[in-house]
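The following pair of complexes shares a single chain, chain A, combined with chain B in the former and chain C in the latter.
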Partner chain A sequence: MMVGEKKIYALIVEDDRVTQMRHRMLLKRFKCESHVAGNGKEAIDLFRSGASFDVVLMDMEMPVMNGLEATKELRAMGFEGHIVGVTSRDLDFAKQVFNEAGADSCYEKPLTPEYVTSILQEINDN
Partner chain B sequence: MAGKDLNQKLNELISSLQDQGILDDYFDELKGLQDEQSPQFVTNTITIYLGGADDTIAELTKNLSEPAVNYPRVTYLADKLKGSSMSIGGARMADVCAELCEASEANKREACLALFGGVNREYSILQESLNKIAQLEQAIHDNKD
Partner chain C sequence: MDAVAQWRNQWFDYTHYLRREGFLDDQFAQLKKLQDENSPDFVVEVVSLFFQDSEKLLNNMARALEQNVVDFKQVDACVHQFKGSSAWIGAMRLKNVCINFRNYCEAQNLEGCLGCLQQVRQECLALKNNLENLFRLEQQIVAAGGSIPVME
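Take a look at the complex of A and B:
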């Protein structure tokens, strides 16, 4: 994703490989560099190892550590970047719990070009 | 000319599958992501989907055949299969997975078993459909080389 002239680095936290592939290609279309973590713990470990991202696309249901736990942990670690919850469950419920965990927004998956445009706008507004 | 015929055949197949509700617009969006740098993106994604779905369905079969069903596990697997199916554009498959997810959350064994039958039926249809798409995509790709 490009915000202004700045390239955006995204972390896709998702245990389903098909969704990983889809979201990576979609973000590439928006000229975004992306990295994939297979669950919340892998995402946390990446940040602890010094990796830096502008936005995290966080799936809700994952093994080892789910998206809500990972979101809370990232905020506790001081991550101030954009966290976007992504869910295939009830969207209203997901929005509420992701918001309580510290996410900035939540969308249905799979993400669409319109959703990515909206996320980009959210980052730009911040 | 052969390439044009193959593309037409592929488009007609996809259109027919969408008319039947087997695929939805998410498949069109997936196909739209394929480009010159990733000319086999659709075929590769189909391969990954079918491999993952086979494993998930095998685990669901095992879980649902246990005397004491591990409902949280079944819920997780059904939700995972639903999400994966949505990402490939498999609408009917995603819908029946969602129903299985709900039945499992409610710990309803008989409903789970009935719906799992539906999952197997829809998967069989989707698997055959995606394999046909993959074959045509591969033929189009080979024709370009």
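Take a look at the complex of A and C:
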């Protein structure tokens, strides 16, 4: 994703490989560099190892560490970037719990070009 | 009618059939839109990955349902994941079977679950065959010098 002239680096935190591929390809369309973590713990470990991302696309339900736990942990670690929850569960419920965990927004899976445009706008507004 | 036009007509007829019968929905068209000249095999790769992962998930479900004491929550978690993947590639019939499957998991109905598992396996096989036919048609179009039509 491009915000102004700056390239955006995204971390896709998702255990399903089909969704990983789909989201990676979609972000590529928006000229975004993306990396994948298979669960919340892998995402946390990436940040702890010094990796840096502008936005995290966080699946809700994952093995080992779910998206809500990972979101809380990232905020506790001081990550101030954009965290976007993605869910296939009830969206209103997911928005509420992701918001409580510290996410900036929440969208239904799979992400669409319109959702990505909206996320880009959110990042731009911040 | 030249060869490209013939293959393209067959492609249109086949995609209409697949949508009419509920094998594929709009999500498949959305998936195809993500494919471009830099990633010409994207859809084939995603579909291939889907069937690989499906096999594992279905085996996990089968194993879980064979236990003396069935952990229906574990089965439900597998079905939920499978439902998600099915939805993301546009496999509507599979997705709908998963909805029923989840209802049986919630009701802890073993017989219902086993029936759904069998149905899922059958639908998977049917979808795989149909997609292989579709991709073969697309290869024919390209081999004849044409371009693959856009799926609406």
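Simple rule for what comes next: the second predicted complex is superposed on the first by the 126 of 126 C-alpha atoms of A that agree within 3 Å, B and C clash if a C-alpha of one lies under 4 Å from a C-alpha of the other, contacts with A are read in each partner's own complex, and residues count from 1 in each chain.
Here is the rule we go by: a residue touches a chain if its C-beta (ideal position, glycine included) is under 8 Å from a C-beta of that chain, and two chains touch if they have at least 3 such contacts.
Being a predicted model, the structure only gives us computed values, none of them experimental.
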**OP:** Specify the outcome, clash or fit, for chain B and chain C once both structures are aligned onto chain A.
**Re:** clash
**OP:** Could you say whether A:110 touches chain B, chain C, both of them, or neither, answering first, second, both or neither?
**Re:** both
Original post:
Once the shared chain is lined up, is A:41 touching chain B (first), chain C (second), both, or neither of them?
Top reply: neither
Subject >> More chain A residues in contact [chain B versus chain C] >> reply: B
Original post:
First (chain B), second (chain C), both or neither: which does A:61 touch?
Top reply: both
**OP:** Report for A:88: first if it touches chain B alone, second if chain C alone, otherwise both or neither.
**Re:** both
Original post:
Shared contact residues on chain A for chain B and chain C?
Top reply: 15-19, 21-22, 25-26, 29, 61, 88, 109-110, 112
Original post:
Which part of chain C faces chain A closely enough to touch in the complex?
Top reply: 27, 30-31, 34-36, 39, 42, 45-46, 49-50, 53, 77, 80-81, 83-85, 87-89
Original post:
Which of the residues in chain A come into contact with chain C in the complex?
Top reply: 15-19, 21-22, 25-26, 29, 61, 88, 109-110, 112
Subject >> Complex contact set, residues of chain A against chain B >> reply: 15-19, 21-22, 25-26, 29, 59, 61, 63, 88-89, 109-110, 112-113
**OP:** Would you pull the chain B residues touching chain A in the complex into a rising list?
**Re:** 26, 29-30, 33, 38, 41, 44-45, 48-49, 52, 76, 79-80, 82-84, 86-88
